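Chains: A, B and C, in written order; residue numbering restarts at 1 for each.
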């Protein structure tokens, strides 16, 4: 954006100061995430840059922490647990959340606001309270220390995201399209799969991504509901930070940053597709 | 046959249109409800019931009455304010209850429960439980008094009298640094034991600070994003979304690496010469650590709602104000900012709600002075095992969050919540 | 992807069907890290080798052991078989009827010379606080370690030195709880070791202990996990730290850190087994316990970690470190050179005062 020609010198000065401030805030947002990337290649077991690293001496760098991550059995099991739990939790919350969103966005839905507030609450209630409640209740029904227990708990925490994203897609949804399909002879099932699903799909997928990352990143509930057999990556990181802080955690963190960049890319592509579709339907 | 007014419009099969419409409307309402029902049922079992069940522990006091069933009934006839010890019947009931509970190995639970109210009750019950086994006949009073002189203390009996109901207020009192004194009046805890009010206050105050910091940092960035051309702002938006999508533990770890005494920032400051080697700054494991890390973690939750409101403000508003002679500063303050109030409200409430319930980050970087009420709830659940107190603290925290949530719903509308 | 899906389905299936497998599974809860590793080598591995039908699952949630046993028993759904606990937690669990009572002479193996178990374990260790649910396996101590390169002319030797910031400047690490810290503060303030609990029973005594802790409060980093203090010492973040003696030993002998031990007023404690009430297969648990607490097994554990076996007959069998080959006897907290002054932890006193002093301690910390 070019600077408007009519700006006074004071305004110009302020304009650059303002840009500088914004740049600093962006650095604050992103720098902490990227600073761990070089640190994870530290040859020494410390959390800071060694003199060798700063002088770009290859001896200061090492991939030993990555090797440790990929060879240590407990990390590998944590990876497997994290994925298994997140995938199943996502399936449950996406299915239930999408159904509920379809109901909530119908104009005939009674007590819409109240239901919405209730269904979003897992996102709002402090995690320690949810975790404590689940811990006592799930113990009673034999779900603590099982994969199923953690999956159900994470599914509950993930549903609000699906409900929100799918409802958002549906508010832009042109209901005349389904009526048109019906009047052209499509059965309700056909209408749903041929018209509704393709249009709400971006919302469903981004909701599912949110649900996935919610479960994948969650630690409080796993700590309470799970036990050693359900140990996930965040659990290992949490206990690692509290006990013996090793750069393996930095290697894991770097890999997780890569995963989040991938997820973000998918989401951005979805957003563009969504914009394009709605751009078309509005014409 | 019932007489129907002739001007009623009917459908082809003869039913009045109004009825038929009502029926279809009812059916479509039902259909909408049926779609929501599976999730509702699921959340009820996996989420809502567990929380209600836990909150009930904050007033649940069945443990005393169930383990001392005879005592809690007999003692009701006693004049608790009189200053005299209860009579033989109460002593007999207690001895019998203790004998039964000692056999079931449940007596320790009462001792522990009452020890929260009065230190020493635990050992009193343990000792008495072991020694009452020998008592088989009257006088019960004399023999129990001989076992431990603390049974002479009227306040011990008052405590049993007070806690014999099925519910108790003592956990909620304790979570407000209050207690019932020997006379059964509400009094403040002795000064050295007061902690939870301070903690709630600290949690609220720090959350407020975090919210303010997020607003301070989020507002200029959102404004920039909203005024830049879409192509550029979409690119910059990624810088906001990346932390949003990055694991909470990754971000907390990064801050540890940056802020600790032997960490990157301290190294940098020492290298520049701003800080001497032997006086490295303590920026973590205290309030500062929690403030910085949590502001970073919650900042996207401020920027996103602000941005979505700012995007809808037409540039012509500012241009109009300028053309009417307002300075850029006046135009911004008087015209632009008021238009962003809904975004400010949404962002602030969201950040505040998320902040006061935070557990992980304060637990890892908060140290002694930067921990929140959530951390104490966790301690009472898994370490001190005072689950009633944990539930009471949780109930208060939840009440605060729910009030804010309703406020958010009223101002922004939950259905207008946007993610990313 | 296919492989991942298969792994996913299998592990969820296994989780859903848990409990229906053919081998007898024993879920043994312990502290994780080096400690579980020492149990694995000294107890689990030889036991499984002799009993192929047994599968042992290590659960590292020992820190929440008492809370989780209580939740399981209360919910009538016990999934653990054996839990490693400190004696003070075992007393609470026993008092509340959460764990099985034990008859030492029928449950446990006698010493090789025929001495019954009840005589062979150290006096009183089978009945801490008058309970009878606990089988001690080790005596450990919480004691001090200091950096040998931190002070030039004088090295810390007494508990009073921990509170002496002038002679020994620098940060200290202490455990984030009142237990031991209050006792040490009083001893450092001049109270005789055997009068500590008497003094602490008065409000003035408690105030005195906190006042003494106040003098070093700004120089203390508080630790919560056993692995932290050796790490803090090794990183140079502190110059002195209270720590479990086994963790200090591993930092000194196995990792060659410039750290030394200071045994003055080390606080003895016991760690051992309890059996949750309502375990699925009590017979299998008892069979394992009989093996894992016999004389040889307890002596074997000391090869891997420097904690003292709780049986008289194991003492002479303690040999050399499994990898380093050094004699482990001088590193036992029970060795006669290390026990010139010992703080005997009063379980019953702490059961009465724990809730109150925890609160007071936390309030003090928060200020």
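Just so it is clear, contacts are C-beta pairs under 8 Å (C-beta built on N, C-alpha and C of every residue); 3 or more make two chains touch, one makes a residue touch a chain.
Model, not experiment: these values are computed from the prediction.
Look at the CA centroids: the one farthest from the centroid of chain B belongs to C.
Relative to the centroid of all protein Cα atoms, the closest per-chain Cα centroid is that of B.
By count of C-beta pairs in contact, B-C exceeds the other of the chain pairs B-C and A-C.
For this pair, chain A with chain B, the centres built from the Cα atoms lie 23 Å apart. Annotation: 33 Å between the Cα-based centres of chain B and chain C. Chain centres here are Cα means. That of chain A falls 39 Å from that of chain C. Shown for chain B are the residues in touch with two or more other chains, namely 262, 381.
Within chain A, the positions touching two or more other chains are listed as 135-136, 242, 245. Contact residues of chain A toward chain B in the complex are 1, 11, 18-19, 21-22, 25-26, 28-30, 32-33, 35-36, 39, 46-49, 92, 96-97, 99-100, 102-104, 106, 108-110, 112-113, 115-122, 124-130, 132-138, 152-153, 155-157, 159, 161, 163-165, 167-168, 206, 210, 213, 216-217, 219-220, 224, 234, 237-238, 241-242, 245, 249-250, 253, 256-257, 260-261, 263-264, 267-268, 271. The part of chain C that touches chain B in the complex is made up of residues 63-64, 66-67, 70, 92, 94-97, 101, 129-130, 207, 210, 221-222, 235-237, 348-349, 351-356, 358-360, 362-366.
Within the complex formed with chain C, the chain B residues making contact are 104-109, 111-112, 115-116, 119-123, 126, 130, 192-195, 198-199, 202, 261-262, 285, 367-369, 376, 381-386. Note for the complex: chain B touches chain A at residues 25, 28-29, 31-40, 42-43, 46-47, 49-55, 57, 217, 220-221, 224, 227-229, 232, 236, 238-243, 245-258, 260, 262-264, 267, 296, 299-300, 328, 353, 356-360, 363-364, 374, 377-378, 381, 387, 390-391, 394, 397-398, 401-402, 405-406, 409, 413-415, 417-420.
If you check the complex, the residues on chain C that touch chain A are 4, 7-8, 11-12, 15-16, 18, 33, 57-61, 71-72, 74-77, 79, 224-228, 231.
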